[in-house]
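The chains carry the letters A, B, C, D and E, assigned in the order they are written, with residues numbered from 1 in each.
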């Protein structure tokens, strides 16, 4: 259908469930919530802002940022105007970022903080428009090119117009630098993404009551790539923890039902738990090993669940988990087994298209669209 | 709404402190129970061990000799209070319901603090509170205090008897005019109780009285006795308690005041009050409602049937016949007599507190009855009634000869006619404050 | 460990300010209150009310008062019994002298009077610190008991200087039955505990803790040391005053100044040492310990060792056990039972992990 | 006027009796910074042990020696069981520990020797002496003399002997003393033993005055104001403090008492100590701790 | 020199019972400037800081702050005027959590009275939320959100230094006095703390006077350096001027003069 685009789905949810919480992020000690309705009105303002800056159909908005709320909204605003969002991973080495920026020579850039702004100004044209989120240390910068996200919102009146995007258009362009230092690009069209999202929603029966938490190790691209479409199709709540250091505590507070993470996320969690479990030969240690044994009788299972498994799931924040997704390379078998004993059945992202993982750690040669290669195959086997 | 709470259903009420349920099986015993809020430790242990020793020995004696009263044996259990008010209240609440089915007859705390705290409860629980020789003076008026019995002597009679004694020692009450008397009292409600009466008697007989307070615990009295040296009184009335008494006698000797002109009140009259002062106590006079020593038939009988049989409660047998021990025996005699009188009216079975109360109010101990009990000379003739819960009001005087007390006077009666209006005025003020309607004693008896 | 925490998150600072952040804790607390206010009056008997529950509640309130002063504001005091005495006598005089005055107003009046006396004896705390402050509160202890026995006016010229409780009538309901007295005490203590908890978590509570931890630093950042210390004495004495009034009216019925002597002050100090300095829950644990242990021991002896050991020796044994426990607590867990409970809760929260 | 003199000297002599107890406090506070509230029960325990032995026919000096040994054993036990685990805890905790300790000692004393009142005769007749129209009690003079001898003995011990020097070193700075190699535990044990001895002497004198019984331990309340005025750390201060408190207490009771109602001996010393504190917040001889920011 | 200086010390001298700690020191600190006090140990740096915020009262000399003259500055007065400080050996409230410590730093900003807070009436709740909001911003600014609820006594040394800075910043001071903020820190912690101090000056425009021994840090961080030696001022100017001046070198290389 014509308007099978991300912005249209946003409008769809804003109309049928305006009051439900769309986004929640922890900041300054408490969880700030934003409903679909207010999300729609904020994006409406961003659309106006981009429009005033001259952003039009086919233009590209480069996003140099960690996963954050503002990046998500600006991407949707760009797509609203028929443009393309191009998230770059800020944790790449500086020269890669510089190379990509010079290659793209972008007119419109969203830079997260002072460091990203420096990288942008050093490698962009004179009349680049830069929007930044954290104003820390930027007060002394020349104010001409830079626009503060919050400041812009404050001075822009509410506005709303129909989205211009079409289903077949490219929503995201992911630029990468390969081994031989030349840049590849890969486009994702609205309908493809939504199709993939619908597939997941159908496969995992996701409802609007899910609480999704994306692991921080993801680059912004990973977030947008994997969670944006299911979020917009199912209409559940997307949560962002406060920062890297507090993610375990935040996860426990939130108790997500949907988690998308890479092999590293789950292995880090497993090692954290194993390291802190009681020493095996101690009294509590024997109780825990007894409880975690897989082959016990009914009584052992009952005791194991109530005394160890259930509290352990609560401590790592997985009490309410229903859809633990793994993206990218498979988990080793003993890790899978470890989580299985806790009743957490990790499932790999069931791929529609055989796109390789686009997380930071595995930059491989990028094939043209639709063909497969060895590495992709083992994903199918493992699931 | 709250009235229904007053009577929580008995079935649920049985859920008392788990431990107390374990106190033995419940059989319908034919026994009369005495709860004992005793204190054998702490600053006043001497008084406690003596009194409760005597009281228990007498109950034991009645059980062994006559098998109780008309077949109803006596049982008792002790609960340590260490002379502390909260512990006394806790013991009262725990023991008031009786022991293994035997109903409680009366409580004998022998402590001013505990008596005050359990006064109101005794009325609501209908359990007589016996404060022999102490307690609230206005509780003598039975119409306002039906359940309180300051047996034999209340504080006002005590002072008036002492004044009468001083009067006849100096050749007649009229000779008191111009004499100087000092009262050294313990800094507590017990100590202060008699001050108004002394001032009244001073106005009546024209002698000059000075009230000197000794702050608790009274282990340093130099300044008080220097004051006394300045006033140079003829007599000093010592209204003391505990460590204050020996220290008073020692300091008196230090400041050159003759011990034989110091008169101790009913709670400064035991061996433990005089002995620690050693030589300084020689000649010290004190009042008593019961002479010490053992040459009374009832005591010799107790010695034979109880002590020789090894059933005596005293740890230190030398204390047999001391002032506190004999007070315990006298208290036993009066409690048992009350039970006997009540049984005559209500039947020969374990009695409730209410019935024993009637018994106490109708005690009539004349010389003949005292001879029967073998307590002639040990207990003064007593006649209680609805309006008079004191009954006696007479005391004898004894002198410490360095080793023991020697009785040096016959019964000296207090001026009860003078004291009655004061007592009634105070008891009616209490009644108004608490909203109690006094009983009409004329109809009773 | 027992209940699940995840899924309950704070979305506003107001929510973060509540006592119990998890609904399970809130429900447990409401259940406890419900049990105490509704069920206990029906299942308890006289012995439980007047010998265990009422003294426990009154001593908890007294402990709470002293804890605000010593546990939170760091000013040591051995005069708590004197402030209780002032509260009791002031409440009594208010009842007797002003006909038909409501009982609760009498309690508040007692509290205010104690607060004023508390501030007077708190003034020296501005110049002297630490042990020397003991003297000022000890002076209060001896001076107040002396004044109350010396001048008859305070006890309405009662011959023996004793005050007896007026009839416990509130809005027509008679609270004089044991269950009624228990309910009255419980109501007053719950309200004041809530009031104290609010203060301790508010700005004033932080000022107290700042003065306790390092008063020179507190002065430098602008905390008014004078006002903070005097408020500590005032509010602490207010609570102690009301505790004194409850002690006289709902517990004993008649009380003499000698009943609020130095050993009472020591008893309240022990309550907050064993219960836990600087905690609200600690006072209730400490009071329960101080009230229940002696009764437990004497009941134990009455039932099992009746013949073997005479009550006197048992009393000594109890004194020794008491002293030993105090030293044990000071060595093992200086922050008392409340800290033990908190440690248990912290460890249970991350069970089965170790840290 | 001569009566005033008599009250004054009586007060001074009584003050010396208070100093006897206060010295026990000062010793322990100087060496270990512990405000030992159990000194009162140590006085009771030593007197009770002595008099119980005496009554069981043990000769005077033998029972004195045996009691001294028990006090040393008690000191060893206190140091081992209570002080060692509580080392470098805040003074408030140590103060509360001694509260617990006083309960234990009183409990043990009564459990062992019973709670009866014992008369104690030291062979000093208490008949008053007529000196210049004033009545002075022989007993008080004797106890004043003992106090004097005791102070002499202690100052000798402190200043001349080797133990004394290490005692003073520990008093100044425990860490420095440790660094120099002074065995801290041993010093504490000695100090508590000496305090036990002082407690015994005070116990005998006080016991003779008011009979050996439970309320002997309340004498500690008399010693507290003496310490406040004299400062916690000087024996001389304890003596001077005792004299001031004793004299002022008696004069106040005799002259001020009748005016405002008598029985003021309980609180008057504390109010006096309070006034002193407001002027010198660390007592006459005590040094004021300088607050390092 | 622009408008009147924020802080002006005129001929300050201070002595403890005859021992001269500071003799006749005068210098000015401009609004929004980072001024470093350097000099060998015992040069009187800490004492001068204590004079500025009223912990010690100078024997003579005047303290000019924000246009007003003070003969004897009291510490409470200094706090109200907007002078906050950290201490050489950390003066945090060990028994309280990090959040409580920072909230206590804001005590001069609290409007509602203790009665309102006790009964949750009137301005109490709005006030509490506003203070909490401000405190959280400072906690976020200094990146200590992870330790928000832990008790200060349990935190490592470097972190406690940061919490103390947070508490000082919480009172939104005009002048911030830092007594060796980077003592005992490793290289990485020092650069982090310097970044925080620079951010403080830039974000909040706070004037900073700090005592620091690490000359590298001082030169990189401060706009104005004052050198003290034996209680006397021996150097006053920009970092470069001071580096070259002979008296400073003499003081540092220890040549007697």
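As a convention for this text, contacts are C-beta pairs under 8 Å (C-beta built on N, C-alpha and C of every residue); 3 or more make two chains touch, one makes a residue touch a chain.
As the structure is a prediction and not an experimental result, all values here were calculated from the model.
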item: Steps in the shortest chain-to-chain touch route ending at chain D and beginning at chain A; value: 2
item: Contact-graph distance - origin chain A, target chain B; value: 2
item: Chains contacting each of chain A and chain E, listed by label; value: C
item: Most remote chain, CA-based centroid, reference being chain C; value: A
item: Taking each chain's C-alpha mean as its centre, the one farthest from chain D; value: A
item: Chain centroid nearest the full-protein CA centroid; value: C
item: Which of B-D and B-C has more C-beta contact pairs; value: B-C
item: Inter-centroid spacing, chain C versus chain A (mean Cα positions, whole Å); value: 54
item: CA centroid of chain D to CA centroid of chain E, Å; value: 49
item: Inter-chain centre distance, chain C versus chain E - centres from mean C-alpha coordinates, in Å; value: 42
item: Whole-Å separation of chain centres (CA-atom averages), chain C against chain D; value: 33
item: Residues of chain E whose C-beta touches two or more other chains; value: 55, 87, 91, 132-133
item: Per-residue overlap in chain C, given as positions that touch at least 2 other chains; value: 13, 16, 146, 149-150, 216-217, 220, 312, 316
item: Multi-chain contact residues (two or more partners), chain A; value: 29
item: Interface residues, chain C side, partner chain D - complex; value: 76, 124, 127-132, 134-136, 138-139, 142-143, 145-146, 149-151, 216-217, 220, 262, 266, 269-270, 273, 312-313, 316-320, 322-327, 330-331, 334
item: Interfacial residue positions of chain A with respect to chain C in the complex; value: 26, 29-33, 251-255, 273, 276-278, 284, 288, 308, 310-312, 314-315, 317-320
item: Residues of chain A that touch chain E when the two form their complex; value: 27-29, 136-137, 139-140, 242-243, 245-246, 249
item: Chain B residues within the chain D interface of the complex; value: 40-43, 45-46, 49, 187, 211-217, 219-220, 222-224, 226-227, 229-230, 242-243, 246-247, 250, 253-256, 272, 275-280, 315-316
item: Residue numbers on chain D that touch chain B, as the complex places them; value: 3, 6-7, 10-11, 14, 110, 114-121, 125-128, 135, 137, 139-140, 206, 209-216, 218-219, 222, 249-250, 253-254, 257-258, 261-266
